[in-house]
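Letters A, B, C, D, E and F mark the chains as written, and numbering starts fresh at 1 in each.
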Amino acid sequence: MRVDGRKADELRKVDMIPDYMKHAEGSVYICVGDTKVICAASVEERVPPFLRGSGKGWVTAEYAMLPRATQSRTIRESSKGKVGGRTMEIQRLIGRSLRSVVQLDRLGERTVWLDCDVIQADGGTRTASITGAYVAMVFALHRLVKAGSLPRMPVTDYLAATSVGIVDGVPSLDLCYEEDSRAKVDMNVVMTGTGKYVEVQGTGEDSPFSPEELNQLLDLAKGGTERLIACQKEVLQDMGD
Amino acid sequence: MRVDGRKADELRKVDMIPDYMKHAEGSVYICVGDTKVICAASVEERVPPFLRGSGKGWVTAEYAMLPRATQSRTIRESSKGKVGGRTMEIQRLIGRSLRSVVQLDRLGERTVWLDCDVIQADGGTRTASITGAYVAMVFALHRLVKAGSLPRMPVTDYLAATSVGIVDGVPSLDLCYEEDSRAKVDMNVVMTGTGKYVEVQGTGEDSPFSPEELNQLLDLAKGGTERLIACQKEVLQDMGD
Amino acid sequence: MRVDGRKADELRKVDMIPDYMKHAEGSVYICVGDTKVICAASVEERVPPFLRGSGKGWVTAEYAMLPRATQSRTIRESSKGKVGGRTMEIQRLIGRSLRSVVQLDRLGERTVWLDCDVIQADGGTRTASITGAYVAMVFALHRLVKAGSLPRMPVTDYLAATSVGIVDGVPSLDLCYEEDSRAKVDMNVVMTGTGKYVEVQGTGEDSPFSPEELNQLLDLAKGGTERLIACQKEVLQDMGD
Amino acid sequence: MRVDGRKADELRKVDMIPDYMKHAEGSVYICVGDTKVICAASVEERVPPFLRGSGKGWVTAEYAMLPRATQSRTIRESSKGKVGGRTMEIQRLIGRSLRSVVQLDRLGERTVWLDCDVIQADGGTRTASITGAYVAMVFALHRLVKAGSLPRMPVTDYLAATSVGIVDGVPSLDLCYEEDSRAKVDMNVVMTGTGKYVEVQGTGEDSPFSPEELNQLLDLAKGGTERLIACQKEVLQDMGD
Amino acid sequence: MRVDGRKADELRKVDMIPDYMKHAEGSVYICVGDTKVICAASVEERVPPFLRGSGKGWVTAEYAMLPRATQSRTIRESSKGKVGGRTMEIQRLIGRSLRSVVQLDRLGERTVWLDCDVIQADGGTRTASITGAYVAMVFALHRLVKAGSLPRMPVTDYLAATSVGIVDGVPSLDLCYEEDSRAKVDMNVVMTGTGKYVEVQGTGEDSPFSPEELNQLLDLAKGGTERLIACQKEVLQDMGD
Amino acid sequence: MRVDGRKADELRKVDMIPDYMKHAEGSVYICVGDTKVICAASVEERVPPFLRGSGKGWVTAEYAMLPRATQSRTIRESSKGKVGGRTMEIQRLIGRSLRSVVQLDRLGERTVWLDCDVIQADGGTRTASITGAYVAMVFALHRLVKAGSLPRMPVTDYLAATSVGIVDGVPSLDLCYEEDSRAKVDMNVVMTGTGKYVEVQGTGEDSPFSPEELNQLLDLAKGGTERLIACQKEVLQDMGD
């Protein structure tokens, strides 16, 4: 029995409010338990320098937390004057993950920015960001298709992410903050709708883990991402045509 | 008749969701028309260096916008590596305004941080921030009183802010973005519950204004802040005891 | 009777040395009591990105203090690696104020930079900067007209600024540093030669102020800016033709 | 047959010059093929703020490349004024990996800094850095033991890292730069002497990968790290006593 | 005959206005031809970390130019967010030079800051800064002696600096801007009242120079610094007692 | 007899490993005693903005130290977020020195970057950098000539640098760290193969020096640079044709 009463292979309650933001081309307010993230997709009609003239598009992400998303107030990165290592790591992860299911050469020379702003943090903010950003991105791309700017959707698969870890010796799915801070092993897994891995990031800083443990964690992650993708499908089916 | 059908002296619809954030000592989600701001109050048990040992407390504010709060995406200040002039001006204004109704010597050596994060921008974000931050601050201070950390509330008055301006020749209350970008004169007024001015900031960059116009604008602002304070009272009466 | 023997509605001694700098297109060394500012106007034959191709010009300002302009040494902003909030607020104010009396579309695609460097500070440095920068700007624009680069002066009015405040309960004009640090209410007013307001910035952080007090302060400011404009006219009449 | 004639499960030539630096408490010049990294361990008799008074020590890493370690010159991060995302990610990885085999509570309140400076880059610089930094750290800790500053070695296991990836459809060990830039899947694996995982970081940005492929890559990594640990043992046995 | 009619071994007109700044412990406005620098000495009752507890004092300098001190406007270093290489080089030079004639162990644990702000630049700003900063520093130290904070003056000698160079093949003293930009060899020399060298910085970037040329330049510099020191003595004799 | 047994006019052992870096157009690993520097020359086919369209080329340098090149660990400048004054001074010196022997108008519109990275520091790192960078630059330019990109070598002379100083009263050549930290006078001299001065930088912060002492130091420097140039010739003769 886990701290919040869940079973080891149980996700927290997932909720997604589509089109949360008036101005964004696509957006979703995703809640995974008490973790809440606003994901907004913005389409910009140009690409970074290294892609200019290539005919290819780009997908990139930025991630931040409101100062009081956390238990005690966190200093803003704008006040510090620099983006921290953890933030950079997360936004690089989100961007890489989303690009893995987009045909950049079919996107045209435009950039899709995904802004993931954590309103409230209770563990798993980076995986909730990926799961929500996928939905925001699909909304934005769908709008481009409807507007005739794109001949068809350049998305090849569904994509969702979850965290898994070993808490008090038990491999568990979708850790909340309290579990996460006690976990010996911590892994983030990003998977596609066809069950392939896009990212596997496991770390055993406090306690190296065996191949058997790795397999148990990967199994839990598979179940979790399947259920998250089911939620995404529900939200996306109302996208209209 | 204004762009959104309002009368010249009419506020937009005001809505405040109290206790929006799980972790903050006080918080409110304030909506003034399509302008939406999350205001969170955090209590920190220490003061800036210039107050150490003085027995006095401090109230300060930070202000930011989500990148896609605006019509086109705005670059994050954390990415730029510095806080811009407009942001600094606004957060200094919020802090000064709130301090005007707090007895800092009765607060004890602690700091109340007010984080105003604009989720969606449609004009008047700084005045909505002040109006919301006041409520968040009162919640946080009330919690300190209930916990016995403060003998009584160190707040001397209500406080709200609104914008006024001359749009197409007509002095108008509470400008939305479209009006604001067309206004010749633009003024932000912060007032107390007893009808005194805390801040009057009027600018006629595009067209200097006469003493008569100044008076008309100040009258409109008076009516607007009175109604905003009525809304604050409604939210705060449920604060319990 | 004030700290330096002045009456409540009396300005400090004002002195302006025109053409103080050898290289600048226009310059003035303005002294208002012990507050001393070098204002230099530089003409640059290009505009910021947002105006390129618009046919319009731009007027902007920068403000700084020598480290020992103040009673105790102030750390340089270049050493800190960033421009502080107070400085940004002031330079935005100076730029806005001057643009209000310039026809930017008649300036051509060029920028007038106004550098206001405080050599000695004794209260009212921002208002002395505006009053002096106006003169430096007029000199520089006059030189453009004489050189045939501009068909005629694109300046619509005179412009001066002063501070007012309530010191020991008495509304007073042109506060020196000692008065300023004791003032309950502090207001900066920028006015044109035809008696219109360009900026009204009043703050009652320590003590909110009534509508009556606001009116008394505005009256004092009117008298002060009228006298400052008289001084400007004297300096400018020698500009030759 | 690979680009440099190796078999799929073959490491490049590994060479380690111990005690390369005169001043460092421990150091090694590690070459893995044409990838060359100087790893230096520095012992500092204090810990970061979050550990002060805890009795615990800390292990942390910094990573950089000489500008001309790469095929075309890379701009220095000191010139850019900030450490990039890739660098931060790598130095966080190195630090976490090394901490996983150190008993921080037995280290005392001191910090071991591991500086990994890439002299020449040909793929696998982060894994070579981990493998070399482990040796440099052991030298430095051994010196502390010999000097009586530590009662015994606080190291629990060996530690090495290697990269694996799928190149032209073939799962391959220890990718050189040319292979790395063509690889569809890219994984870095950090393992202990007892065959446990410390870090598993696999990314399929260009092509998501199946569970079968994941297993093949993990098998290759196991063989690779075993051989690297054998090399470490050889260098460390001469450490004396 | 030089560009401004001087002989090869002739200084420009030197003028020093003592006590130019109201707030500074010591100050001088030095003019060497059209080069004008305000030098202010500030005494701070503490020292940098590396001297705390040593009983020794410190002397350090900062140097800057007003943006329009130069022929075309120079961007402020505060706006760029960093102090440039030329500025750092100059302020290090000024600080080192002044320390050479101060007995730091007799200064007590205090710092003398020397701020050299160039109001107008026409060549030789760093040497004018050193010559003026010496006077400002002596004024400030003299005030400490008079106030009883120092038993006696901790200054061991006079100190002045000048520039020399080879212009159109002619070794010349005290180059103005036009000469400086044409000079093949450029040298700054800092000398004491007893004719010793404190700094010799010669550079022949455009044309290496012979030992004979070096000697001619050093002779000119000797004459120049002797006359500058005579000017310093005149200003300092009025210091009173 | 000096601390390491050398005579007053004796250089430390000099060693240069040419072509140390696989990717650089020219490189050398120079050791002067225990001071070790990797010098790499990179050719970039463009010039800084101020030279665009001029037909001229540019030579510039960057200098850094590995954190553990020094006795105790030095914080990286990338971590501090800025390049320090000492580093800027040194890289400006290296760049100026090398440009003095290159015909920039014969180089074509390209830049030669010289990266001098100190692997180990024991005094004289800036002079070793100049001596090594000259060799790396000649290798890179020779490669351009061989490739037909340049019609002939644009180098006018040999160039080497050494330090001299007065240690315990004795004028000495090529100071090691221990001597350098005890020296009263410290001078760096850059000379050409024909015995001319490119840079003379002498400083007597701790003790001003007489003209006689200056001459003794310059004599020692002449002998030292002659021997360094002899070493350069040996390495360069193998450059082939």
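Following the convention adopted for this analysis, a residue touches a chain if its C-beta (ideal position, glycine included) is under 8 Å from a C-beta of that chain, and two chains touch if they have at least 3 such contacts.
For each chain, UniProt lists the protein as follows: A, B, C, D, E, F = Ribonuclease PH.
This structure is a prediction, so every number in the text was calculated from the model and none was measured.
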| item | value |
| --- | --- |
| Partner chains that subunit A (Ribonuclease PH) and subunit C (Ribonuclease PH) have in common | B |
| Most widely separated chain from subunit F (Ribonuclease PH), with each centre as the mean of CA atoms | B |
| Maximum centroid distance from subunit E (Ribonuclease PH), chain identifier (CA atoms) | A |
| Classification of the subunit D (Ribonuclease PH):subunit F (Ribonuclease PH) interface as same or different, half of numbers criterion | same |
| Between subunit C (Ribonuclease PH) and subunit B (Ribonuclease PH), distance of the C-alpha-averaged centres to the nearest whole Å | 28 |
| Inter-centroid spacing, subunit F (Ribonuclease PH) versus subunit C (Ribonuclease PH) (mean Cα positions, whole Å) | 51 |
| Rounded Å distance, subunit A (Ribonuclease PH) centre to subunit B (Ribonuclease PH) centre (Cα mean) | 33 |
| For subunit D (Ribonuclease PH), residues contacting two or more additional chains | 81-83 |
| Ring order of chains, beginning at subunit D (Ribonuclease PH) and proceeding to subunit F (Ribonuclease PH) | D, F, E, C, B, A |
| In the complex, subunit B (Ribonuclease PH) residues that touch subunit A (Ribonuclease PH) | 21-24, 27, 34, 38, 40, 42, 44, 62, 64, 66-73, 76-83, 87, 113, 115, 117, 119-120, 122 |
| Subunit E (Ribonuclease PH) - residues contacting subunit F (Ribonuclease PH), complex | 82-86, 88-89, 91-92, 96, 99-101, 157, 187, 191-192, 194-211, 214, 218 |
